[in-house]
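One structure below.
Read from first to last, the chains carry the letters A, B, C, D and E; within each, the first residue is number 1.
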Amino acid sequence: MRLLNRKPTRGQELALIALPFLLTAAVYLVFSALRLADNPNDKLLPSPAAMVEAVRTLAFHADPRTGAYIFWVDTFASLQRLFVALGLATGLALVIGLAIGVLPVMRALLHDFVAVVSMAPPLALLPILFIALGLGEASKIALIVIGCAPVMIRDLALRVDELPREQFLKAQTLGASTWQIVLRVALPQMLPRLIDSLRLSLGPAWLFLIAAEAIASDSGLGYRIFLVRRYLAMDTILPYVAWITLLAFVSDAALRFVQARAFPWFAAARAS
Amino acid sequence: MSAIKVEKVWKEIGDQIVLENISFELASREFLMLVGPSGCGKTTFLRMLLGETAPTRGRILLDGEPLPAEPDSRRGIVFQRYSVFPHLTALGNVMLGAELREAPLLGKIFGARRKVLQEEARALLAEVGLDHAENKYPAEMSGGMQQRLALAQALMRRPKVLLLDEPFGALDPGIRGDIQALMQKIWNESPLTVVMVTHDLSEAFRLGTRILAFERRRDRPEEKTRYGATLAQDIPIWPRRIAGALKI
Amino acid sequence: EPKKSFKVAWSIYVGWMPWGYAADAGIVKKWADKYGIAIEVKQFNDYVESINQYTAGAYDAVTITNMDTLSTPSAGGVDSTAVIVGDFSNGNDAVILKGKDKLAAIKGQKVNLVEFSVSHYLLARALESVKMSEKDVKVVNTSDADMAAAYKTSDVTAVVTWNPIVSEVLGDKDAKKVFDSSQIPGEIMDLMVANTQVVKDNPNFAKALAGIWYETMDKMAGADGKAAKEAMAKASGTDLAGFESQLASTKLFAKPADAVAFAESKDVGATMNHVRSFLFDKALLGKDAKSADAVGIELADKKVLGDAKNVKFRFDASFMKLAAQGKL
Amino acid sequence: MRLLNRKPTRGQELALIALPFLLTAAVYLVFSALRLADNPNDKLLPSPAAMVEAVRTLAFHADPRTGAYIFWVDTFASLQRLFVALGLATGLALVIGLAIGVLPVMRALLHDFVAVVSMAPPLALLPILFIALGLGEASKIALIVIGCAPVMIRDLALRVDELPREQFLKAQTLGASTWQIVLRVALPQMLPRLIDSLRLSLGPAWLFLIAAEAIASDSGLGYRIFLVRRYLAMDTILPYVAWITLLAFVSDAALRFVQARAFPWFAAARAS
Amino acid sequence: MSAIKVEKVWKEIGDQIVLENISFELASREFLMLVGPSGCGKTTFLRMLLGETAPTRGRILLDGEPLPAEPDSRRGIVFQRYSVFPHLTALGNVMLGAELREAPLLGKIFGARRKVLQEEARALLAEVGLDHAENKYPAEMSGGMQQRLALAQALMRRPKVLLLDEPFGALDPGIRGDIQALMQKIWNESPLTVVMVTHDLSEAFRLGTRILAFERRRDRPEEKTRYGATLAQDIPIWPRRIAGALKI
């Protein structure tokens, strides 16, 4: 039978899925053990026990001075920034993307500008951003928005373009005004596509968040990673990275779930 | 009343002449079938009737007045594909026209008035034979069901003119027969002037009250851009079919 | 014109951790209230960004080294005054070689450091001490955050960096410290620098800064000093022992009188001379600078190094003096 | 007429396109002039003349110490890293993406693993990367590859999925082996889609490049930006950012051009 | 020789019984038409003949041997859509089968042998009436042209059995007539056993040598999963059509 037609059984499938994860873990453990045997104080590849210990201290022991549980404070601060920023970016993308997609005048005005802006590396403009917005939450959120929104706007405008022209004509024969077309034809069909776009933006958003927190912050997962990086405290960094990965993965899954639930028509419409 | 008058209409797209000097008058309540070889400009002509694009020369009058330059609710349309909204259920699709009319701001009706509109929409759905599918999304329907739905949706807004661009071209023959009968019934019962493009001559004879054939007289490659299609034939159907007077 | 609220930027470094502690412990608020003003003390993770923000005018004061003051705000036209000389690096910055214990062995090596930083300056001074110059090595710019990891790679054989990275790197068996800032004592100063115009218009702001600083110093030396240091250690991502070891290589002026004495000593002038010629060499005194004299530096005794018409960096011991006299 | 149907004339269109660019320039000039009036040495928003001067020095005057034209050396170094890395990422995406998309066994083995890896923030793992690959070009290129490839792999596997099942069946009835199906059915249809994916990766790739160069380097656009950031030399940073934007924009346009030229069938196939 | 024997075949998908106890024998060179209402399992049955999916119970024999469990070059297929490769020109699509046969490693032939294959492919293209379109990509062709191309492509590999799943369902009636004639010609001239699914009874009678109708006897909702479709009718066409002996 051709390899292409060979489907693993459920059991084989689970084994195959687990394999690369286990392999990665095994490789880590071997190298960690080797390094630790050489130098018990090696910080680069700490033992699992050391990582558990580090996380336990951060997650379950209140900071004596402030009474805060650092791990959770960091997580909360980062997630708050991330969600606020992605919310803003999504809102912007929806409004501007729809405008560009639906209105020829707005397309002329903004399409090329957004295309150029989306190519600019926002990290290099940080000093200006910080001056304009101060060093508080605003500038961190702004960095994420500036990093993610232009791409999302372009994506959404493209998606509006992909709606069959016939839908707009049809709506007009049903008496729809421009506003009504946006509201009842374009917008509801863009919402599930916006979720796709948002999912794609999760990765870059985390990147910008970490970069912003690395520069000016006093809490957050990215802040902590950069703070302890000076000491090469991989026993903290690695669990933090795993935790960020997990958070991103869960957000992604949640978005997919929302998409399937809230827009039952979408999966079929996309397939056809 | 919804008579159409076409006066010396020319249409050029880019530097190609697509249609050349088309003139005819169409009385109210006619069922006009537009036929002609592929690429002769039938769709282009329908798009001018719709107001999506304007004639290069000449003009089109609707009830004696120049046609508005963009689509409006007097002219309903059913395309070959993409005629219903994928994000609305069958009922939502049919109700949309009424909702847009009655709620300029939100495009959505609530409360008691919604109930009334729903009943109206359900009646239309039943008429096109979709009474059991009102909660289905288009993607869950066959092609034939979608085109019926598109008809019901267009009729909800009570257009004076109904434009159809090969609406049944993609359907299976059996289903096609049903929907042709439905089409004739609708034309018969609603105050509609119908213009329908088709590839299928037998369909044209079965449904129409009049058949117009477009044709490119000169179709050699070097002539293609310099001469457009003209009105080659104008065939009234005999015995005459008269809307409302006819039993099928 | 006088203003009511002020913003101070500080970044995470052993000599500046007291600022964070002072903010948390209410010392900042106490002194601000005393002078009827508001002071916001903002922590930066990234030192460079704190300097940039100050230079661009978003902050009224910043924790910064003497060299960076001259190269960035002063060369950028922002007239700046060193209100407090908090400490100088006394071993906190070091040149480290892998497997070689003589500085001379650095010849021909690639040296990883943060270019244009005090590390770069330290390297220049170190090379001078063995009659070499930068031409004898190849400098590779490397971010401080990654220096510890970079050292562990085989292609890195020489680094110049600061604490806590120095102790991190020295944890390695074959890491040898061949030169450190204790061999150029007093040349790398950690300052609290404020905008000169702001200080002129609002002397109370500078007084409050001095008040905050020396009260915090007292706290650290006093009975609950251990708790204070523990808090600072935590905030800088390490523990008490790690923090103490960093403090050990920092000459902290716990008493204002010592700081005044240091600021008014001749050594500062000599140091600034070294610093400005180093910066001029690297074209960091501005594009139009024709000589190291381009930017004027006013010392505590009002003597000016360089262009007296373009003084942009001033040492002012008066506020520390007030603290020493208990007149704040 | 509905706003939706109102198309600007060619002249109006050009004016509208130019407007936001001119506006941005005007805002910059005003603020720059204001700040410079206040402090002639202001570094944050330098005058256009100062920027031109800075670029001229870097681009047309050989560095007295090394004899190099810094601007071009930086550009060349960065582009080289970028292209090598994107080439590698593209190759990886093609091989692994096709494998996941075509072979059920490989899908079980790698699909979820790649999904998880694509969520991990690569910047935080730099120390491990350094140890594994050293501090030279390899680790910079690896950072870009690690940052871009997982997303591209996922995207490509998804695109293979979107090929109608019928094509694979059809090919089998024509006697194709698994290998032949990959080579003659899946691969050629993936190439133009890979270009789409590559275009989407350009933004993140520049981001990772700049981040990598900021960490340890002695040339490159990102290196220069971070180096001169130490003394807030916005007169160098801003032209560099504009240059990066231009380079990214041109690469994007070039990729679109290649796609249209090399795969004439694709535009129509995508539309239908 | 390419006789098919179907022995007591059942097919369940999930917990729904789709087909129930289907048995029949098909002689070589027959042109079998499979008809039945939508959803009765015609496509499912064809997919079993293709080897894409296996019967739950029973077995299918091809020339007395069990059917291989995956598609192979003995059984060609034309689907309703997606039957040609969008990235290959018409000529490339037709040549593909031969190239795959002759170049196991690269799947591509060069040089003189390529010329030979090209001529062969051109002949096939001419036979299906696409001689002028050999450099066109499928997206540049109409639906009818694409289905002709799919036929030519399948024939290039000289299958013993040709499976067709409503290949002309989406075509316009005029075009449909042409292609039906073509189909009959092909069957007549090549050593093929044909199994074709259609919705169109008149097509079935026009082309087939035998018609099988599937039907769900019990189709009330609660019975739907517990009973599958069975072979309801088996109609030989009279006068008998015999491949190779027949003039159209």
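Just so it is clear, a residue touches a chain if its C-beta (ideal position, glycine included) is under 8 Å from a C-beta of that chain, and two chains touch if they have at least 3 such contacts.
The structure displayed is predicted, hence computed values, not measured ones.
Enquirer: Measuring centre to centre, with centres taken as mean CA positions, what chain is farthest from chain B?
Expert: That would be chain C.
Enquirer: In terms of C-beta pairs in contact, which two chains are most connected?
Expert: A-D
Enquirer: Centroid of chain D to centroid of chain E, CA atoms only: how many Å?
Expert: The separation of the two C-alpha centroids amounts to 47 Å.
Enquirer: Where the CA atoms of chain B average out and where those of chain C average out, how many Å apart are those spots?
Expert: Computed from C-alpha means, the inter-chain centre distance equals 80 Å.
Enquirer: Measuring centre to centre with CA averages, how many angstrom lie between chain B and chain E?
Expert: Those two chain centres are 36 Å apart.
Enquirer: Out of chain E, which residues touch more than one other chain, so two or more?
Expert: 70
Enquirer: Multi-chain contacts in chain C: which residues touch at least two other chains?
Expert: If we look for residues of chain C contacting two or more partner chains, we find 52, 56-57, 145-146, 148-149, 152.
Enquirer: Among the residues of chain A, which ones contact at least 2 other chains?
Expert: Residues 2, 44, 127, 131, 172, 177, 229, 232.
Enquirer: Contact residues on chain B for chain D in the complex?
Expert: 69-70
Enquirer: Flag every residue of chain D that touches chain C in the complex, lowest number first.
Expert: Touching chain C: residues 39-44, 53-54, 57, 126-127, 130-131, 134-136, 214-218, 223, 226-227, 229-232 of chain D.
Enquirer: Going by the contact rule at the top, pick out the chain C residues touching chain D in the complex.
Expert: That would be residues 48, 51-52, 55-57, 71-72, 75-78, 112, 114-117, 138-143, 145-146, 148-150, 152-156, 284, 286-287 of chain C.
Enquirer: Once bound in the complex, which stretches of chain D touch chain B?
Expert: 1-2, 5
Enquirer: Residues of chain A touching chain D in their complex?
Expert: The touching residues are 2-4, 6-8, 12-13, 16-17, 19-21, 44-45, 102-105, 108-113, 115-116, 118-121, 123-125, 127-128, 131, 151, 168, 172, 177-178, 181, 200, 202-204, 206-207, 210-211, 225, 229, 232, 234, 237, 240-241, 244-245, 248-249, 252.
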